[in-house]
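Below you'll find a set of structures to go through.
The same chain A turns up in both complexes below, where it pairs with chain B and then with chain C.
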Partner chain A sequence: MSRVSSETLRRSLDRARKGVGSSGAGRSPGKSGSRRRGKVAWTLVLFALPSVVLLVLLNAYPVIYAALQSLRNGDLIDPGAFVGLANYATVLQSPDFWRAAGFTLIFTVVGVFGSWAIGLALALLLRPRTPGGGIFKVLLLLPWVVPIVVSAMSWNWLVATPQSPLPMLTKALGLGDTLFLADPTLAQITVCVFKVWISFPFMMMMMSSALASVDVNVYEASRVDGASAWQTFRHITLPMIARSTFISWILMTIFCVNDFPTVFLLTGGGPLQSTQTLVVLAYSTVFQNFQTGPGVAIAFLMTLVLVVISVFLYRRIRKVDVA
Partner chain B sequence: MPGLDNPLTVSRRGLLAGASGLTVLAALAACAPTGGGGSGTIKFWNMPWGNTQFTPLDKKITLGYRPGKGLPPASYQAVQWANFTTTFASAVASNTGPAVSSGSGTQAFQFSQQNRIAYADHLLDAWKSDGLYDDFLPGLLDTMKTPKGYVAVPYNLDMRALWYRKSLLEKAGVQPPTDWQSHLDVCEALKKAGMFGFGMAAGAQGNGFQVVVGLMINNGGGLFDEDQKPNCVTPENIQALEYMVEMVRKGYMDPGSVSYSTTNAQTQWKNDKFAMGFESPGLAQVLGGAVEDDMMIGDPLVSANGKKGALYFPNNIMMYKNTPTQKGSEAFMTYYFKNMKQLWTQKTGAGLPVLRSIAETPEFRSDANAAKMVDVWQPICKTWAAPGGDALFSNVALVDSTPAMSTFAQSVLSLKVTPKDALSTLQKTLISGMK
Partner chain C sequence: MSALAETTGGRIRWVRFSALTLIAAVVLVPLAAVVLLSLQPAFGSSSQGFTFENYVSVFSQTAIGTWLGNSFLVSLVTVVVAIVVAAPAGYVLSRGRGRLVSGYSLGLFVIQSLPVITSVIPLFILFAGLGLVDSLGGIIILYVGGTLSVATWMMAAYFDSIPVTLEEAAWMDGCSVFTGFIRIVLRNSLPGILSTAIFSFLLSWNDYLVAVIFLRSEQNYTLPIGLQTFFQQNQTDWGPVMTVAVVMMVPPILIFALLNRYFSVGGIGGSLAGR
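Our next item is the complex of A and B:
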């Protein structure tokens, strides 16, 4: 038995030296070689087929179906008549769409840069090894870890009624009755702050891992050269974490534009549609107004804008890589 | 190579063939129709209308159905409220939907336009002979009538009635109001005691727009005319909105109300901040605890126009054309309506009953508030179709919990626009959405 095994091993090593697999003939590529490659390719295709079929069924089919729905004047029950690009024209002429687009922009800009600034600041603060640093990191991750439903309910409890803790606090400070969710402007601010609060832990993790990859010798060298803390941050830290920064911006932009629960659970888009984002508008158009055509058109326009932003930021990453 | 001698070893090619075959089979199975017509049972889909006891009891009632000879048995499925419209729409479109179901109040009207509904005229004719037809509360069956026939059968009632906290009114030294003027007087007294008399949840996840329309109906107004077309800018509606604006200006409404969800409003009821407001029949049970016993249903208010009225929602059960047999659907409906009494006598929180025989049971009448809503409020209630008529229609979906209605109510209650402008905007929105 051991003799056979040794023989098998010897043959295998011999084949390996010749650059062929265990079942390969080791002949030079020719007609039979290309036939063999073709067989291998077909085998790979067949292996991939079940996954491809599933992907097409689960992803491509709904997208294509939705694209067709956006060209029809239907509802959730009736596919409706073909209306071409009329739904897109209607949406683009609607003041509700532009109001929602405006707030989506504010929400995204505040969400991305607010969470990035706080996340980066905390990552820098927690970078040196300090006693209890791990506990702080865990605590700071909580807003990201806690389910959004729980967070939204907690924030609602914090601010919704005049008897809630925050309005009571502002009243005690002499700022009068503060209606955080009933006043349109304050509601917008509250929603944006909430978004930053739930997002900064993600940014903190991204930035922490980016900072960990920066060689400490570079900082040593800058210190020797007499660079100030700000100069070090501006000319060393930021450029060296630029790639991670752009990636985190792309991800957070996608998170913010597509963020349905944050707004829907806290304000439902109100009051007076002041906190309505495009994704909430698309939802309410389809599922509350039963207008699938315009609702899906909003979703596609949203996707288009996201693709443009993502491509722009991705090009920035490539520039950073080249540099 | 131990596998070579193992008869159970699957070759790579065999594995691929098997996987591909299974994928195709799964796809074919997904496409195969297994609808109400294909399964050989009457598929009954019901919503969780009440508390946690509702669905188990409802299922028990359904599965207790013993069909006559040659008729199919019934199966039961509870459909959750989350995205239920999509659940029904996709199931009905793919012929995998129910033979009989409840759903939203306007669902039957929408499906009837797609020729999916089996009209209930024959069933109701049969019920005329066995007394069930005359058992319905007055005017209810008419709400389901369309030119083509009855699209559904009323099942339970929701309404916006005047609730008050008895102890808080006593604390303020006032009696429950009976008309708009006394309503204002009570609100003033409550305000002096640090409470609100016009409690409501007008946020996107509240029902304030129903209260607003309810008061418009109270004053003889409403949203649709006799031709079922929007007719919002009427003197009755403007007067009703001005009445609400007066209450807001005088501080009778919690200023946070424009953003409140129903949960926020319930908190205010429990916190002794809301002492009076228009709410749903189950409010007292939802609040629970000591507050439950303190909650009282008031009398319908006489409006400035000298009218009484309120908004109600007759929820219904509909039959679909996709059924093993229409006779089977009708037999099951007859059984269900004759046996659903327990849902109310065992207090499962299933709204208000539609049958007199249920409303007259000692168990139901033991809840004085519920009894008063059926006896005093139901006869003066009107549907979304008011003031033009009582029969609902598919375009009512434009006002049934839509964002346009929330925005309308918020714009009035936040004093951002005049009542007339708010109504004009609503009118334009409804007309643009008409089909």
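Our next item is the complex of A and C:
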């Protein structure tokens, strides 16, 4: 039995080291002869085809269209005239854009690492058998499960006016009137906390499943070797969940930067545009000021940064080593 | 194991339990508030304590039944289509190799990082030409597109946990890749399929941006838009608003409560190792 499990462990370490994608999870299907391999390749192409067609139609086409639109001065109905990079120049010179870019950065960094730290901590807390562990798992997933329209509404109720419960509480504690959504800095903090509250369950799930795939025999070995809990976490757990961690960071970065409803439904970007992210700015530029060109240009600049970050992190995944 | 070690283990377990209880209580305050407010008596009502008045009035006076039906239809169709498309695509990511697969994999990332706001405008114009604006079919297509990248990745991640040796054995017996995929891989992927289904369901059930731009007439509203419209009309009257909110959050919560145990089922690698 122990021979088989150590064999499985070795293979999974090997897989984790290689990563998936080009190096693959296992041996290639087509081993016996090139005709067989060609047939396998065709099957895989057919497997991917529906997804590729949908992605091209629903994602690639609109982006190309939007790219062209960002070079014109039209609106939603009229494509307008070609203006070159004028929209980008306008956007890059606008203080609104830079302010929104700044807040998007804060919102994303807090959102990604805040939710990851809490999610991982809870996943570790939930891993051993605990009485009622299953129920806690469900309860702690709820902020992510509940529709954002609902949670934004309830947070609104909780903090929006001076008569709301939380401001009343801070007043009773002698902290004076705290206007969570009226003071620019407090509103920024509130939005970030709200985002972490929504997102940590996703991280908890990602980290739980990553932890579940770590072979328990490794822990037994490290305990026998006399490693402390922190050493075990730092040198065994973290490296073994590194790949999932990077994937979760990438996904959460994308979720945060592209997040529209969290901000829009809670503050609408206010007060004084302090919580305006780039997406909300792009939305209001297109759908409230009807300037399609600059609006799409904002979205494009944002996308560019995001793609660079994604590709960078994506390449990091491949380099992850079980050191 | 000695009695001492057992007591220590018990104490640690108890500390962990208390910590979880405290954390869950704090985290769930906003959601508990929604439920409690929905059970308060309405304005000018004579009843005391908890009551279901708001539920009666909301179901008799708003189009909530229609919104609920629309949301269910849209979400369920999205889930089925997304799985059917994402499962084979995920298999390609998990087992395939070479330049093409790497490119495809990178392409998924890039596409996933594109903001919805960029593609919404051109799609709105395109869909207007095809008569798909203000139609449930239109937003289903958009939700499938929106969920596809993550769904594919989730399926691939689950397939990774299935040892390729199982398929190899089937190929030895003369199975084709397709049959092996259906009979061996998919059959052992219920937890992966379920979590992908839940992800797609949540995305379509909870979406606000696409629905607010594409849905125009009230008979086509899904719940988020219905709720938001209702909220704007009754800002001061929290009871009925929170009632609609409760109706909207119950289905996803139920699904999670019921399907949660599938998440605890580890990859089948563990069962292989134990033999």
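FYI, the second predicted complex is superposed on the first by the 258 of 323 C-alpha atoms of A that agree within 3 Å, B and C clash if a C-alpha of one lies under 4 Å from a C-alpha of the other, contacts with A are read in each partner's own complex, and residues count from 1 in each chain.
Following the convention adopted for this analysis, contacts are C-beta pairs under 8 Å (C-beta built on N, C-alpha and C of every residue); 3 or more make two chains touch, one makes a residue touch a chain.
Note that the structure is a prediction, hence the values are computed from the model and not measured.
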Partner chain(s) touched by A:Asp177 [first = chain B, second = chain C, both, neither]: first
First (chain B), second (chain C), both or neither touched by A:Leu126: second
Which of chain B and chain C A:Leu76 touches, first, second, both or neither: both
Touched partner set for A:Pro162, first chain B, second chain C, both or neither: first
More chain A residues in contact [chain B versus chain C]: C
Partner chain(s) touched by A:Val311 [first = chain B, second = chain C, both, neither]: second
Touched partner set for A:Ala187, first chain B, second chain C, both or neither: first
First, second, both or neither for A:Gly270, with chain B first and chain C second: first
Contacts of A:Thr43 with chain B and chain C, given as first, second, both or neither: both
Chain B versus chain C as contact partner of A:Ser284, first or second or both or neither: first
Overlapping contact positions on chain A, where the chain C interface meets the chain B interface: 43, 46-47, 50, 54, 57, 76, 287
Touch list for chain B against partner chain A, complex: 12, 16, 19-20, 22-23, 27, 83, 85-86, 89, 92-93, 110-111, 113-114, 116, 203-205, 254-261, 263-264, 267-268, 271, 273, 397-398, 401-404, 406-407, 410-411, 414, 416, 433
Chain B contact footprint on chain A (complex, rising order): 43, 46-47, 49-50, 53-54, 57, 75-78, 156, 160-163, 177, 179, 181-182, 187, 267-273, 284, 287-291
Of chain C, residues touching chain A in the complex: 13, 16-17, 19-21, 23-24, 27-31, 33-34, 37, 84-86, 88-89, 91-99, 101-102, 104-126, 141-142, 144-145, 148-150, 152-153, 156-157, 159-161, 163-165, 167-168, 171, 176-178, 181, 195, 202, 205-206, 208-209, 213, 223-224, 227-228, 231, 238, 241-242, 245, 248-249, 252-253, 256-257, 260-261, 263-264, 266-267, 269, 272-275
Touching residues on chain A, where the partner in the complex is chain C: 1, 4-5, 8-9, 11-12, 15, 20-29, 39-40, 43-44, 46-48, 50-52, 54-55, 57-63, 65-66, 69, 76, 122, 125-126, 128-132, 134, 136-151, 153-155, 157-158, 165, 197, 205, 208-209, 212-213, 215, 247, 250-251, 254, 257-258, 260-261, 264-265, 279, 282-283, 286-287, 292, 296, 299-300, 302-303, 306-307, 310-311, 314
